[in-house]
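In what comes next, chain A is part of two complexes: it sits with chain B in the first one and with chain C in the second one.
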Partner chain A sequence: MFEQILLTLPFGDIVHYLSGYTVVLFAFAAMFVILAVISLPEKPVDIVFGTDGYYTKEIPVDLMKFQRFMAIACGIATIGAITTGDVFNFTLFAAFIGILNIGIVAAVKNKHVLDAAFSYGLVVMMATVPLFAGAAIIAATCGTLSIWELAGTGPAPLVARLLILVGVLGEGMAPFYIGKAEITRAPGAPYILMIHVSSLLLFLRVVEILLTV
Partner chain B sequence: MTKIQRIADYLADTDNLPKVYAAVVCIIAVIGLCTVPFLTYHDDQLYPKSLNPDSSLNPYDRGGVPFTEPAQIVAQYPENSPAIGYVTAYLTPASWFLANTTLYLGTTIVGHPGGILDEILYYTRGLDTIVEASIFFAAFAVASFLYRRSRQ
Partner chain C sequence: MIELSLAMTQLYTAGIAVAFIAIIIAFSAVLREKDDIHKLIIIDLIEITGLVVIALIATDLAEALILPGLVVGVAEIMAVSELWLAKENLQQKRSAKKLDIEVMKTAPPIIGIMLAAYGIFLTGFSGGLIAALGLMVYFLGKNVDVPFAKIENAAGYAWALWVIAFLIFMLVPSQWFLAVMLAAVGIMLKVMAKMSLVGTMRGAE
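Here is the complex of A and B:
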């Protein structure tokens, strides 16, 4: 998988890289960051059933700015998680994405959204435990955290990979679509979409890492 | 209701999400604890820690003279860190005083300004430190936005 490395960006021991696989994910994430930068939020229209009446939901400017900031930060954190070449750095970016996902919907005044976001917040906090435990076990049993080095040292323990997988599931909310369905009822479409995009890309990236280490 | 309907009904409630996730984490933690005897500690660690209780910089005593003679620090990719080892031994006057009077300066690495500038934290793995701080900043940004709006 590492023959086709297109670009490396070293930060000391943490070397970010783009391979043929992650460059696709990178392009996808970058596209959504640009979309969040340039677009205004949607204004959902609700039709009153049985009449000609309808009403639009206005999004206050300060909320819009806050959501946009969180969405852009989330996109950048996703790019970090996609390009990083270090297991511990990846877990940090995953935890970062979890916090920012909550931040995107934290200020929405809607009881159902906030209830779901609160449950998701509990999951995110719990997910940091298996996430960092997995990275710690990899460091202890393999002696290094660099994905390049780990690719050459033979497979990491199954339990470490399992812990990282469960941690990413919690941070990215990947299998918990019931929670996500409630959260994405919040208005503000291009910013809310970043929750989906980040968790999807995080999941695609962790699959590559778990197959490599 | 059939059994699968009951499971789906339980999973459909958002409030049950943390419980389900906690149960999954617990199951994997128990499996993990059962496999601990099969895990072998890798002796050749990239970031070794040498304990020397007689040194006041314990466990961060890596030797070297600031800016002239580099300390012994192992890096995964030394070519990416050309200036490694030149700063770790530097102590500010306050740290110098603490190091000469107590044996516990190494335990206060983040407890006072100008502590030991650990180059693994701040140089070879500096991006980790930046991302950690960014997580805090994001959490504070959310909290401060909600706090300020609740006061309006």
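Here is the complex of A and C:
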């Protein structure tokens, strides 16, 4: 009996969503994940003021490993946000991108960086409220979370789309992006790059979603 | 597709209004608060209001959406509170005093083994909890080296079992019973590993 139920279980309307646009974004994100996997951190050089002297900062191996893990995880979350065909999954991935952005710089022992990361972390936590609320209102009014289905059912309520936009802005875009300026003082160049890449790709995807649903 | 009757629609609108009043009150609380740690706590409360809006869908879909929302919220509060500790230089590492009595040497292994065996017999989420309780009691005892690496290994294997079970569900649905059993053992190991780490939190590490 149970075998019959499981065999006829439909796959559901929540499927992966790839168009020409998202494939390009996917390739871009995948490229930066591979870059984070293979590259070593660069050593920042400080010039001593008024002299010819300079010194390079060494990146400790455990800090490098932590940053690399967080950068790869952030890249994979970005890929998830790009390829998902489900509004709620998109909001979850957006929230993860926000928190992993902080994770990349969390191990850096620099007071300015930690201060900025903490206040940015508070914004990220607050931004999950409009994100999830927007997705939930779409589910309640349109009856589905699948972007394929939503594209056919006419526009979703404006308030839900605005809430998603505000939420994604909080997860790493202007005007809150200013909060990230101090964060990027952290050493470890190729991994810090993932902060910008994930924000850019998230922005490009949310524009597509808001125009589709 | 979720179909709502007229009464349900009115109920939903009223619920949304109440939820948004709660959200506005919560956000105004953040604006008034100046202390960092209090801000963090209030913002954790704010996240609950977001879950309230999800809960208003009031179907089993809402339940399926609240769970990941809650997990994201927990992950965020953990990460940001670790950041706060690092920022305020509160990450001190000092070893805790162990309770020096005879019974802490003999009783925990016996109770621990009994609970772990019963938990393995039960399997699933509840089995994992009981087995984890056994391990917690064991780690609380005297002269115990906590095998962190082994616990992490077990959690990794549990994750792999879980993924294999999902693949079997998707690809070979006729073998669903095997998949259920794999997932049950996987979640037991996972819960056991996670919970037993609580038993090691004595101020050390």
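Annotations for the structure displayed:
To be clear about the criterion, the second predicted complex is superposed on the first by the 197 of 213 C-alpha atoms of A that agree within 3 Å, B and C clash if a C-alpha of one lies under 4 Å from a C-alpha of the other, contacts with A are read in each partner's own complex, and residues count from 1 in each chain.
The definition used in the following text is that contacts are C-beta pairs under 8 Å (C-beta built on N, C-alpha and C of every residue); 3 or more make two chains touch, one makes a residue touch a chain.
Only a predicted model underlies this, so the values are computations on that prediction, with no experimental measurement involved.
Residue contacts after overlaying the shared chain place A:Phe66 against chain B, while chain C stays out of touching range. More residues of chain A are touched by B (comparison of chain B with chain C).
In the superposition on chain A, A:Pro157 contacts chain B only, with no contact to chain C. When the shared chain is aligned, no partner comes close enough to touch A:Gly75: not chain B, not chain C. Look at A:Ile137: by the touch rule set out above, it reaches both chain B and chain C. Looking at the shared chain after the overlay, A:Gly172 reaches neither chain B nor chain C. Contacts of A:Lys111 after superposition: chain C is touched, whereas chain B is not reached.
In the superposition on chain A, contact of A:Leu122 is made with both chain B and chain C.
In the superposed model, A:Leu92 makes contact with both chain B and chain C.
Shared contact residues on chain A (touching chain B in one structure, chain C in the other): 88, 92, 95-96, 99, 102-103, 106, 115, 122, 126, 129-130, 133, 137, 139-140, 143-144. Chain C makes touch with chain A in their complex at residues 1-4, 12, 16, 19, 23, 27, 30, 36, 39-40, 43-44, 46-47, 49-51, 53-54, 56-57, 61-62, 65, 68-69, 72-73, 75-77, 79-80, 82-84, 86-87, 169, 173-174, 176. Every residue of chain A that touches chain B in the complex is listed here, in rising order: 10-15, 62, 66, 69-70, 73, 77, 80, 86, 88-89, 92-93, 95-96, 99-100, 102-103, 106-107, 115-116, 119-120, 122-123, 126-127, 129-130, 133, 137, 139-146, 149, 157-159, 162-163, 166, 170, 176, 178-179, 182. Of all residues in chain A, only 2-3, 6-7, 9, 88, 92, 95-96, 98-99, 102-103, 106, 109, 111, 114-115, 117-118, 121-122, 124-126, 128-133, 135-137, 139-140, 143-144 touch chain C in the complex they form. Here chain B touches chain A in the complex through residues 11-15, 17-18, 21-22, 24-25, 28-29, 31-32, 35, 38-46, 75-77, 80-81, 123-128, 131-132, 134-135, 138-139, 141-142, 145-146, 149, going by the rule given at the top.
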